[in-house]
């Protein structure tokens, strides 16, 4: 396993993926945002405010998706002791935290005109806030422990414990019947929103996904280079 | 010379083959091999940071090895390291609010589930000139007295393998002699001692210099070379 | 050479486990132990609320369940700070994990001892503070029951945070950052149960969910604590 996923392999893979991911990101985000903001119908209940949803819903999906990426990386790091997996978790965390924060902020901006308040303490909002704190805790733990490998493994344990929160987020709208509306796209019986609204939503979602790939690769490269630097420093100290 | 009344099993063996330990991306030692049998004393030497403490913790099963083979066995069967080993490190593991007697009783009870035999405690305390301090709270002890209190533990519970990290630090010549006598009698009973120390102790043993197993250069480490 | 008397080689894991529980309870109540301080914090912090929100009985009665639960939770976090760290710093944790009880035994014994010595007294004291906070008479029994069911989860989840930050200098703040978000479900169902009882609604669903959280905390908390402790001891 170590042989097939070393930094050199990763760099080769990243080089071939990067231009594609970047193009997809630019195209889908540009077209998605154009449709979302200018060329889609206003909602008969929500009016123009519905346009916030095109940012909000995919951001919330990404918040959960990135957490799962982090959790899988953490699991790999703990079970197979793979150094790239530790770095993958570290690289993903700030991106996930950013998406979660975006979901929370756009949700609050939408909530003010719709619900008459920026924030309610219902199951969905609270569990997403908890997810944001879990991201912060994960990053803080990485920062706090000096030895990088120990720090990464400690943070990985926390990430795995926090996985419990994911189903709570997903099902909170069903378990607690509160202000936040239930799922309308990710449903077993098919989406319940009109296709004019579904398309921009999916375009933005793909755009976010592509952005994640681009940012993730950038951050992975940064972390790998930092590791190289620290190995070189170690060499110098050991040599001198 | 008196024969030991109670002996540890004679076929206990500690074996390290091509043992390598990496921590935090750095190779601490590589390709280390040694074999110890009942009654032998291994004295670890080497500069600071050569990995003496790391090796002791690896033997105790706290630090995982990165490569190579490490086994503790008796008669071809893997030995439960937890019930056959005792380690005293830099830290003395004493609770300042409790008296030395209570500390010893607590230690004995947690390590074996049995109550402490006061006669054993008396004898152990006497060896390290601590008998008059048994009922004093440890918080009033000097660092030398604390260190001797920690060493005293080797006599409280009976474990075949002793791991000692710098056992001679802060000991005067009398107490160093007492330590040597204690170690000698343990070896005669078939015990195994591994100690990391700078100072010489008056006990016959095998020397292992960890500097010999220092990585020649960091590039030797395959994982690290991948990063470059 | 004359041989010294050798103690019997006779190891009892169960004896060692209970000895460790007794040791920790004893140390928690000994001079400089965490329990008295934690209980003091609980009393003082709760009695600050009437100054903060005003002494109107209706207001206090309304917020009483939440205040008691939140402060109990915070008191728990404060005491957990040293759960493993005290033994880690003086080296006795090395002895403990090499004793017959092992890592799993150490975690279980320490969490149990923490619950017995520190969290349980909070549950016992809560009704008295409930009187001071003008808690509705219907809420008392459920307050105690909810604390009894929910506090094991606090000790267990907190143990994960304590084990993850054991080697971090001044890890207390980091520990609260890690642990407090994970406490949210316990808090919601705990307060929910007391609120239900005060409003004469059946508190049983909340208590059942609280029990479920505690059961999950037993599995996940012990596993994660053992992993984190092994990592820190390397």
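Just so it is clear, A, B and C label the chains in written order, and each chain counts residues from 1 on its own.
As a convention for this text, a residue touches a chain if its C-beta (ideal position, glycine included) is under 8 Å from a C-beta of that chain, and two chains touch if they have at least 3 such contacts.
Nothing here was measured: the structure is a model prediction, and the numbers come from that model.
Peer 1: Which of line, ring, star, complete or other matches the graph of chains that touch?
Peer 2: complete
Peer 1: Going by C-alpha centres, which chain would you call the most central?
Peer 2: Chain closest to the assembly's C-alpha mean: C.
Peer 1: For the chain pair with the highest number of C-beta contact pairs, give its two chain identifiers.
Peer 2: B-C
Peer 1: Let me spell it out: compute each chain's centre from its C-alpha atoms, then which one is farthest from chain A's centre?
Peer 2: B
Peer 1: Take the average of all CA coordinates in chain B, do the same for chain C, and state the distance between these two points in whole angstrom.
Peer 2: 35
Peer 1: Nearest whole angstrom, what separates the Cα centre of chain A from the Cα centre of chain C?
Peer 2: One centre to the other, that is 33 Å.
Peer 1: Find the geometric centre of each of chain A and chain B from their Cα atoms only, then give the gap between the two centres in Å, rounded to an integer.
Peer 2: 48
Peer 1: Where in chain B do residues touch at least two different other chains?
Peer 2: Chain B, residues with two or more chain partners: 23.
Peer 1: Give the residues of chain C that touch two or more other chains, as numbers and ranges in rising order.
Peer 2: 234 - these are the residues of chain C that touch more than one other chain.
Peer 1: Quick one: which residues in chain A touch 2 or more of the other chains?
Peer 2: Expected reply: 150.
Peer 1: For chain A, which residues are in contact with chain B within the complex?
Peer 2: Touching chain B: residues 2, 6-8, 83, 147-150, 224, 227-228, 230-232, 234-235, 238-239 of chain A.
Peer 1: Can you check the complex and tell me which residues of chain C touch chain B?
Peer 2: Interface residues on chain C, with respect to chain B: 1-17, 19-20, 23, 27, 30-33, 89-92, 94-102, 233-234.
Peer 1: Considering the complex alone, what residue numbers of chain A touch chain C?
Peer 2: 78, 126-127, 130, 133-134, 136-137, 140-141, 144-145, 150, 153-154, 157-158, 160-162, 164, 168
Peer 1: Which of the residues in chain B end up touching chain C in this complex?
Peer 2: Result: residues 1-2, 4-6, 23, 57, 60-64, 82-83, 85-87, 89-98, 106-107, 109-114, 117, 119-120, 123, 155-158, 184-185, 188-189 of chain B touch chain C.
Peer 1: For chain B, which residues are in contact with chain A within the complex?
Peer 2: Contacts found on chain B: 23-26, 217-219, 223-224, 226-228.
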